[in-house]
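Pasting the structures in now, so scroll down.
The two complexes that follow have chain A in common; it is paired with chain B in the first and with chain C in the second.
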Partner chain A sequence: MKKTLPFILTFVSALTITVCVFFDLAPALVEEIDKWFILSGAVVCCIGLVNLTTVHARNIKRRGRDWDLSYVLLFITFAYLVLGIVAGPTHPLYAWIFDSTAVPLGATFYSVLSFYIVSAAYRAFRAKTRDAAILLVSGIIVLLGNAPIGEVIYPGFGTATKWIMDIANTAAMRAVIFGATIGSFITAIRVFLGIDRPYTAAGE
Partner chain B sequence: MSIWEKLSSLDRRYYYVVLILVVALPIIKPWGLPIRVGSTTEDFWKTVEAVPEGGTIALAIDYRSDCIVELNPQVVTLFRQAFARNLKIIMWSNVDEGANVTEPITRAVGNEMGKTYGVDWVNLGYKPGGEVTMKKMVDNFWEGAAYVDMQGTPLQDLPIMQGFSSLRDADLLIDMMAVVPSPAQNYLKMVSIAYGLPMAIGTTAIQAPTEMPFYSSGEYKGMLAGLRGAAEYEFLTRNPGPAMMGMDAQSAAHILVIVLIALGNIGHMMDRKKRAGAPIGGGS
Partner chain C sequence: MFADGMGVDFLLIAFLMVAVGYALERTKKGLAKWQIRKIPGLDAIEEGIGRATEMDRPVFYLPGSGGFSDPQLLASMAVLSEVAKVTARYDTRLIVCVPMSSVYPVIEEVVRQAYVSEGKAERFRAEDVRWFSDHYFGYAIAIIGLMFKEKVATNIMIGTFAFDALMYAEAANQAGAIQVGGTAATTQIPFFVAACDYALIGEEIYAAAAYLTKDPVRVATIVAEDWAKFLVTGLVVLGVLLQTAGKADGLRNFLNQW
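After this line comes the complex of A and B, so read on.
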């Protein structure tokens, strides 16, 4: 039942959508399935919350690793959830908490990458082979072309960067996009036919 | 121990300190490097200029707080350009944090330029559902937006929403995005190509190469790429802001990275040369 029911649901809904959209049939039915899709997203969010609560409640109960942080996480999660539901997402307190914690923390995490890049620049970016040397030189040209100082040093860096981005990069990316599109199409057919079942526990 | 060996075994925190200094100095004392406007940014600007006065821009905000440094200046400058031409902006987010991230900055620009919320612009908040919601916004925009804006105000009470029943009613669709998979590519196939709605995007420097094929093929009418794109856009619209200020710091950081790559490679070559000259079996 755990394997068959999800497969039947997947097959029937996918077949209905495909046939109805392709032949422009039963728009009301398609609309209804679309609504179910959006609603199921909200349900998945609730399941995530239940799962998070269960995992951390168990950690607190067992005095597991960093159990005190589990208290903090659960408190923040539910306090902010209740505040959002009661006051709404534009309430000054709700917005203030978001603007003064999530926003700067998010930006900080992303900025930390620059430190790793600087450290890696000396230790890892080595032209050990001819291919690596071509990649490195292209990277340096794009780095210089993307910063105003590059064109101050040599005006040709801008033109070279544009060529790399417009020609070399676009050609490679188109190949990647074609490959990914065909791959995702095949994956969709495999899920549709029940050959791949990512919704089962082990993806069998 | 040679200087190269010393450098390679140097505590990485020294590199971090050097980076902080190199980035901070141009912010404290700007160099005023000239900014040349690229074709992607110029096309973005021209696309917004091509919207008839009083027209509507549909703006999807698809980035989170991690990318505010690159994308907030793009959004602010877009609002300035649009409001200067009396364009209306209907914005929403397909990403959970997007609407919250842009709410304060867009409201600040609106208030500064004497515009009224609900008349000149509206923030509809987070609209989950991905491609299904996009499709719904074409068929019935109000239903796709769940009939309320971010604050829970019914759409029927907002003058800007009167007569706007489908995404097809917009004059231009813009996606400011920095998430994977690309929502802009979904908007392209679900809305822009399907209904002939012009589309432009703003994205991070790291995602620009992925989106470039769609700009090169003419499907995106314009593209702002990263902080550089934002700086060019600020320069073009004569609205100097944080992106232009950040260009000197970005230049300094790029030069530092290049210098370190060069030093690392020189050290690597020296090391290889030394090993090649060493007697077989060691003997150091």
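After this line comes the complex of A and C, so read on.
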């Protein structure tokens, strides 16, 4: 039952939506199924919070690594949750806390990305193999083609960059997109037919 | 008969369904023995788990940030199931970090079922399937911290990723992990190619479950996928020839109206 019922639900829902969307039938039914999908997602949302609480409560109980930080995390999480429930998500204090902490911390973290790019580029652009050498040369051309100094050094960098991006890069990307799109169709069909049942450990 | 602009889509889906049915029929009757070409990135998964076992350090798995409407998540869950079975077999710790609380229970069930199917239900640790936050930055920071804290030996990332892909890959590299990254997101593929030891590009992630399990039924669906690619390639060639001859308007109008 645990395996069969999810499969029947998946098959019937997918078949209904597919037929209705392709043949423009019963839009209200499709909308209703969409609502159920969103609702079921909302129901399981709190399970993540249960996991977070369990892991950190256990860490505190065992006096595990950084257990004091687990206290801080749980306090902040539940204090903010209670504030949101009591005062509402539009309350100025609720918004202020988010805007003053999560937003700047997020922006700071995002800025770190540039250092990671440099670090990854250093590793990728070491011309150890023929492929890496091609990548290195292409990267340098595109870099100089986009930088103002590139046109000063050699006017052809702009044209070469445009060719690499518009012809070579676009052709490769479109080939990847074609393959990935058809692959996603096949994955959907496998789930639809019950060949893949990710919700029951891939059909076990 | 068809909804506006859905005719060609329907025909493509119908072709795929017929192709899958035909390939499955031939497989079941034993008329064909299909094979998937060698994919080094997928071979490296077991090698990476073996490395983690030898080093007595955990394997890290990131299923990407897609929800259930994202086929990449479905593909990733199938791979995760196989990865969990191997880690269960080797008694190696597996840490899975889930970015969305709505996905969490299903991912946990996938890992649990994999351990059960290997007869190692008692080795499954629910606390190793982690959720930190639905907020992107909070999730990313927690993952990077965890990679260093747990000293991961192998990092497997398959699914939808955004700007954070490079951060995870670089952090895992600094933690000394061997890495397999796979995504169909074209903006992130270059980052995985640059930063990971092995990269799965586009459709390879959808073939991963068939490749790892060697299940003839799944392999048959990959064969049907290849037939669809031949069809699409034929359409592309036809389009190029018609466009070159200046007679593509008819085909374009037909495809747009249908």
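Keep this in mind: the second predicted complex is superposed on the first by the 170 of 204 C-alpha atoms of A that agree within 3 Å, B and C clash if a C-alpha of one lies under 4 Å from a C-alpha of the other, contacts with A are read in each partner's own complex, and residues count from 1 in each chain.
Everything that follows uses one rule, which is that contacts are C-beta pairs under 8 Å (C-beta built on N, C-alpha and C of every residue); 3 or more make two chains touch, one makes a residue touch a chain.
Since this is a predicted model, take the numbers as computed values, not measurements.
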| item | value |
| --- | --- |
| Contacts of A:S114 with chain B and chain C, given as first, second, both or neither | first |
| Which superposed partner A:A147 touches (first chain B, second chain C, both, neither) | first |
| Contacts of A:L193 with chain B and chain C, given as first, second, both or neither | second |
| Partner chain in contact with A:T170 - chain B first, chain C second, else both or neither | first |
| Partner chain in contact with A:G179 - chain B first, chain C second, else both or neither | second |
| Which of chain B and chain C A:G41 touches, first, second, both or neither | both |
| Which superposed partner A:A95 touches (first chain B, second chain C, both, neither) | first |
| Touching partner for A:G106 - first (chain B), second (chain C), both, neither | both |
| Partner chain in contact with A:N51 - chain B first, chain C second, else both or neither | second |
| Overlap of chain C and chain B interfaces on chain A (superposed complexes) | 37, 41-42, 102, 105-106, 109-110, 117, 119, 121, 123-124, 173, 177 |
| Of chain A, residues touching chain B in the complex | 31, 34, 37-38, 41-42, 88-90, 95, 98-99, 102-107, 109-111, 114-115, 117-119, 121-128, 136, 140, 143-144, 146-152, 158, 162, 165-166, 169-170, 173-174, 177 |
| Chain B residues within the chain A interface of the complex | 7-8, 12, 15-16, 18-19, 33-36, 38-39, 64-69, 97, 99-101, 103-104, 125, 128-129, 132-133, 135-136, 139, 150-152, 205, 208-210, 212-213, 216, 226, 228, 247-248, 250-258, 260-261, 263-265, 268 |
| Residues of chain C defined as touching chain A within the complex | 1-4, 6, 9-10, 12-13, 16-17, 20, 67-69, 71-72, 74-75, 77-78, 81-82, 98, 100-102, 104-106, 108-110, 112-114, 116-117, 126-127, 129-132, 134-138, 140-141, 149, 163, 166-167, 169-171, 173, 184, 186, 189, 191, 193-195, 201-203, 205-207, 209, 213, 217-218, 221-222, 224-225, 228-229, 232-233, 236 |
| In the complex with chain C, residue positions of chain A that touch it | 18, 21-24, 37, 41-42, 44-49, 51-52, 54-55, 58, 65, 102, 105-106, 109-110, 112-113, 116-117, 119-121, 123-124, 173, 176-180, 182-191, 193, 195-196, 198-202, 204 |
